[in-house]
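You will see subunit A twice below: alongside subunit B first, and alongside subunit C after that.
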Partner chain A sequence: MSAVVSFLTRRRGGKGWHWTDVVTWVWLVGGLIVMFGPAIWLIASSFKTPAQLAEFPPTILPYVGQQATVEGYDKPLTLYTVKMPDGTSRILAEVRRVGIVSQMVDPDAPGEIVKINIADRTPVREVGLATENYVVPLEQNNFLLYLRNSVFVTFMATIITLLTNSMAAFALSKYRFPGRDAVMLLIVGTLMVPLSVVLVPLYSVVSAVGLYDSLWGIILPTVATPTGVFLLRQYMLTIPDELLDAARMDNASEWQIYWRIVLPLAAPALAVLAIFSVVWRWNDFLWPLVVLSRKELYTLQVGLNTYAGELNVQWHYILAMTVVTMIPVVLVFVFLQRFITSGIAGSGLK
Partner chain B sequence: MVAPIGKALGAAVAAPVSWLASAVNPPLKAWQRATGTDGMAAFFLAPNMAIFAVFVLTPFVINFFYSATSGNAFFLGDRTFVGTEQYERLFDCASYLDPSTCREDLFWKAVQNTGLFVVLQVALMTVVSIVTALILNREIAARSFWRAVFFFPVLLSPVVVGLIWRWILQRQGLLNYMLYSVGLEPHDWLIERGSAFTAAVTVSVWAHMGFYTLILLAGLQAIPRDLYEAAEMDGTRPARVFWRITLPLLMPSLLVVVILTLIRAVQIFDEVYVLTGGGPGTSTLYLTQYIYEVGFASLLRNPGLAAAASILMGAVLVVLTLIQLQLGRRGEKKGARE
Partner chain C sequence: MGQIRLTDIDRAYGKLKILHGISLAIEDGEFVVLVGPSGCGKSTLLRLIAGLDQPTGGTIEIDGKDVTKVSAAQRGLAMVFQSYALYPHMTVRQNLAFGLENQRMAKEEIASRIAEAARMLEIEAYLDRRPGQLSGGQKQRVAIGRAVVRNPTAFLLDEPLSNLDAELRISTRAELAALHERLGTTMIYVTHDQIEAMTLADRIVVMRAGRIEQVGRPLDLYNSPANLFVAGFIGAPRMNLMDVKVTAAEPTSVTVEGPGFVATCPVDGSQLAAGDKATLGVRPHDIAVAADGGVEAKVTLIEALGPETVVHASLPDATKLVAVLAGQDVVASGGSLRLALDRGRMHLFDKDGARVPDAQEAR
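Let's turn to the complex of A and B:
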């Protein structure tokens, strides 16, 4: 333990603590709480029952109330620790509640009913997970369908993005042809035109080609991403042309050169683009919101927003489905975070 | 156990893919023989550029036609040409400072809100990311861990961000509990106008600061160490080192960060829409939401008006991007000289 402390508090050159060191650690620990805290609070809350979510003050861990089946009652009854008038405390099961009076029985000897003021009882409970928050919306509220749609869109869009962008990048980096610079300029120029600027006309184009209210209508407009072409082209420019010429001497076709030589060599850039594409497409919200109208086509993001916008907000389900929506991105964060951070530092794309 | 399964799965996917790749080779070879390298360039460009032409270029061009027509039909042929009427309508104001005197009061409300949002968000974002980047650039243990901590929210979807904070900021939420337990007054954060606006700014900074911190950190790490060593030998005070060395040399990255934040802040929509829905009232209604609602969501939808508003927003973005490109080019030239 002391080794850990001395490791964490070591100073370069063995100098003493300076006020900036204090600021540094306050900022870092504060950052840890502010950045991760909300997500952890979300996950903990997603396992709580509705009754527990309404509790004030809230508990950090999710608890489940203990129940017992008592002779003579059909439903299982909730157990409470009750402070009896004589000062002892007993565990009783609640039969029903009338106003501030709770009618209770002894679960082992369910004969007479005891009337207790509700202020004198506390539920018996232990740490436990309300997994029905997850099971119910997935099984009954279409969320399994939304999940499937999201996976389909993300997967298809990423595959098509990688293929079409890498082909275009190959042509733009390895061929000289008339109009090449114009094409490049056109592609880079559209970086300036975000979705929110072309919302109305894009909608009409997508309707005109018959893709309104279909998953392909949200996949296709996103795949010709200028960022992807640009990133791959910059990377392919670093592949020496001599390599390609050597392959041509060996009678390789241009397609084989692209598929067998350039693509494998561009793997690091393709990996970065693949990670970005997965995160982008999984998180897309505004465009699917505009294009999709049938509920069974909703992606998770749209489905979740619609569900959260309903009049009777069922937070226990919403929180659980928010966690489900977060899972792929958290996996990317845990396993691939360093690729993304180096990708951003290198190219400034997001 | 897992590795062999993964390998088998990989092989199962790879086999048909590589079969397909070799199956397309003979026809492509024939195409290559017939058309030469220009033909192959056209082939490689075709899929991307076809999608690009249909879904990026066409919408961009016909947006101008939309903004010059009226009616609520989406098919261009069914729309009536009205010239600049939509723009005139947007600018029809007795006083630009008071949205309620405008014909399109919501548009001006959105413009005003977006303007205030941009100023506050860019200021807060820049300060918070500089401080974080400076701290991450110090000699701290486990730096990559701490860098990851601040980066985490960047990957979250706007819907998730919006819902997490709605849950924390609601009346019986965590924030109010924390205030209550230190004896402060709880607050209806998303119901009151001022605090809803503050929440929108703060939450969007929370969600994106990690991205800008990374850019600034890369900028800080590019500053030559020997400058600091020289300053240390001269006994220069840390504050002076910051103003005289760190800040001037960080300027190029800082300008990129400011412009990128600006460009994104002008388009703010997703997380705020989920967080507040533009409310209470219209106090967090921003431009993109205005365009979305006028174009699609409201009963009195008017695609022409939405298109005109989006073109005005696009013009602002183009100016900002050109500034960014100009700064980038200047940075490159400077880099080439050094």
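Let's turn to the complex of A and C:
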């Protein structure tokens, strides 16, 4: 702990504040707010009720109104802090509201009704979580099904991506054949073609082969990634050819060389690609939206979209489910950060 | 059996020809060393024999069977690579077993072969370690072990000692020789180090620029190098080569004149004529201090090695000369001394660099 403190308070030149210390602090704290602010805002807001989300000015933390069960009333009543005409303030429970007048009772003396202008009362609130934002979509709105679909798509797509891309990378890095560089260039060149350009033809193809409205229709078109081939190829180039020669002398077939020598040795690059692939497929929105039409096949991202209706956006559900959707990706980043940075550094891509 | 016969092997990469018509017959159980400077094609030749590369011309036969088009795996050879090429993700045991598993050998047989090889090479203690946890010398043994367990027709070794430190290199060299003695398997060994070649080989193949310069027993190469290249390559320190002029050429002797000396060599001068340019070669160990006569030389550098002293000297025309003289304190640096060149063997090469044959015994 003291190490953390001394690290955080470390200053240039030991004593006194150098101007670079100030700039550093401002820069870093500012960066922290810019980076984490939205995420914290998202998580905090995901626990707010719809009413609180619409509130202005907004609060950072989620609050829930205090309620009390008052004798003589069946439902719990909402508590308010009321500024009395004599200047004192009391905590009263609202019975009903008529226009701008609120009829209130003292929870300790429920017999007497006090009429208060609504401008004079503020709800008694404390920090609390509106967990129904999470419970309702997960239990009633098929979100667990969407989660399952997303996991299936991400898992299968990643496995197939790793397999096909590593095979392509193996051939492109370890075999010499005419046109090898041209093929490589072609593959990398497809990086310049964005999805939106090929969306329509891709849709025709997927539709023609009967994969429309199926999860495989989302998985298969995405598995051949130029980034993956490039990343793996660059890594495999660093595996010495002598190892392959040694394996050939050891009676290994080309498949065995790929499967038992090259793949295990390319594990670091495969890990990087796996992380990328998981993040890509998990976050895919446009392509699944185009391919899927049955609701029970929706992935999380498409499922989230159903809360944004034409007339009404259910922000509380969107926010809560966005948090759920983010969790796996965040976990991937937190635990596999090291691989990701090395992958980006190794390939110059992200 | 491990008989290997190469006939007119060519290898070209596009227009660049690496090997030019190499023909070589290697007998069963022979230890053949391919030696030459870097880039001479010796490693390429070894890869062709191994089957890792295909010749553009010529045939390779193993035990009388043409294997030119046969894949590396089917040739029954084992190779030890310069970088050892151990599979880094496998333990030593798995490294040794890999080739045998690929042959679908029974598990017990694999285990017993590994045990035997491990005992022979003394690598039992680290069978379960990964190559990354081994020292250079240990890796080297494992690499050899991986070849040994295969029980190959022949071993191909590509500069196996070049990554070891000097001391380890000498001891491993001796072990390799012992291993060959024990297994009696044909070994083809590639190196650029002529000392390894001299100490290990039954026969040395000296290569230069894709051609075989000379094939012979180590001492034959040392005593009668076929040309200037072999003369300069075999033997350390290098043979002194001096430009000389033939003054008299007889079938039994040739007299030459060099910078500050005249020497008579017992060689067959019938192909030479007086006035021809030639090169006289004298090994540093064949030079002695002359009491009188000899050639006057100025000493430029002394390297005292203990039992012998290496003297770098220059002749009157600034030709450099290296002599290895027995004993210590033979001469002071900066001084001059008289060296007798003709006390030992002299080698005469004609103007094309080919050896002038020794004189026939007096008939």
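Observations on the model:
Methods note: the second predicted complex is superposed on the first by the 301 of 350 C-alpha atoms of A that agree within 3 Å, B and C clash if a C-alpha of one lies under 4 Å from a C-alpha of the other, contacts with A are read in each partner's own complex, and residues count from 1 in each chain.
Keep this in mind: contacts are C-beta pairs under 8 Å (C-beta built on N, C-alpha and C of every residue); 3 or more make two chains touch, one makes a residue touch a chain.
Because the structure is predicted, anything quoted here is derived from the model rather than measured.
In the superposed pair of complexes, A:Gln256 makes contact with subunit B and with subunit C alike.
After overlaying the two complexes on the shared chain, residue contacts for A:Leu265 are found with subunit C alone; subunit B is out of touch. In the superposition on chain A, A:Leu202 makes contact with subunit B only, not with subunit C.
In the superposed model, A:Ala171 makes contact with subunit B only, not with subunit C.
Once the two complexes are overlaid on the shared chain, A:Ala247 sits against subunit C while remaining clear of subunit B. By the touch criterion stated above, A:Arg294 is placed in contact with neither subunit B nor subunit C.
Set against each other, subunit B and subunit C differ in how many residues of subunit A they touch, and the higher count belongs to B.
Common to the subunit B and subunit C contact sets on subunit A are residues 253, 256.
Touching subunit B in their complex are the following residues of subunit A: 7-8, 10-12, 20, 23-24, 27-28, 31-32, 34-36, 38-39, 41-42, 45, 54, 56-58, 163-165, 167-168, 170-172, 175, 177-178, 180, 183, 186-187, 190-194, 196-209, 220-221, 223-224, 229, 253-256, 258-259, 279, 282-283, 285-286, 289-290, 301, 304-305, 308-309, 315, 318-319, 322, 325-326, 329-330, 332-333, 337-338, 340-341, 344-345, 348, 350. Subunit B contributes residues 21, 24-25, 28-29, 32, 37-38, 40-42, 44-45, 47-49, 51-52, 54-60, 62-63, 66, 74-76, 131-132, 135, 138-141, 144, 146-160, 162-168, 172, 174, 177, 180-181, 206, 210-211, 214-215, 217-218, 238, 256, 260, 267, 269-270, 274, 277, 287-288, 291-292, 295-296, 303, 306-307, 310-311, 313-314, 317-318, 321 to its touches with subunit A in the complex. In the complex of the two chains, the subunit C residues touching subunit A come out as 47, 50-52, 71-73, 77-79, 81-83, 85-89, 98-99, 102-103, 146, 150.
Contact residues of subunit A toward subunit C in the complex are 240, 242-243, 245-253, 256, 260-261, 264-265, 267.
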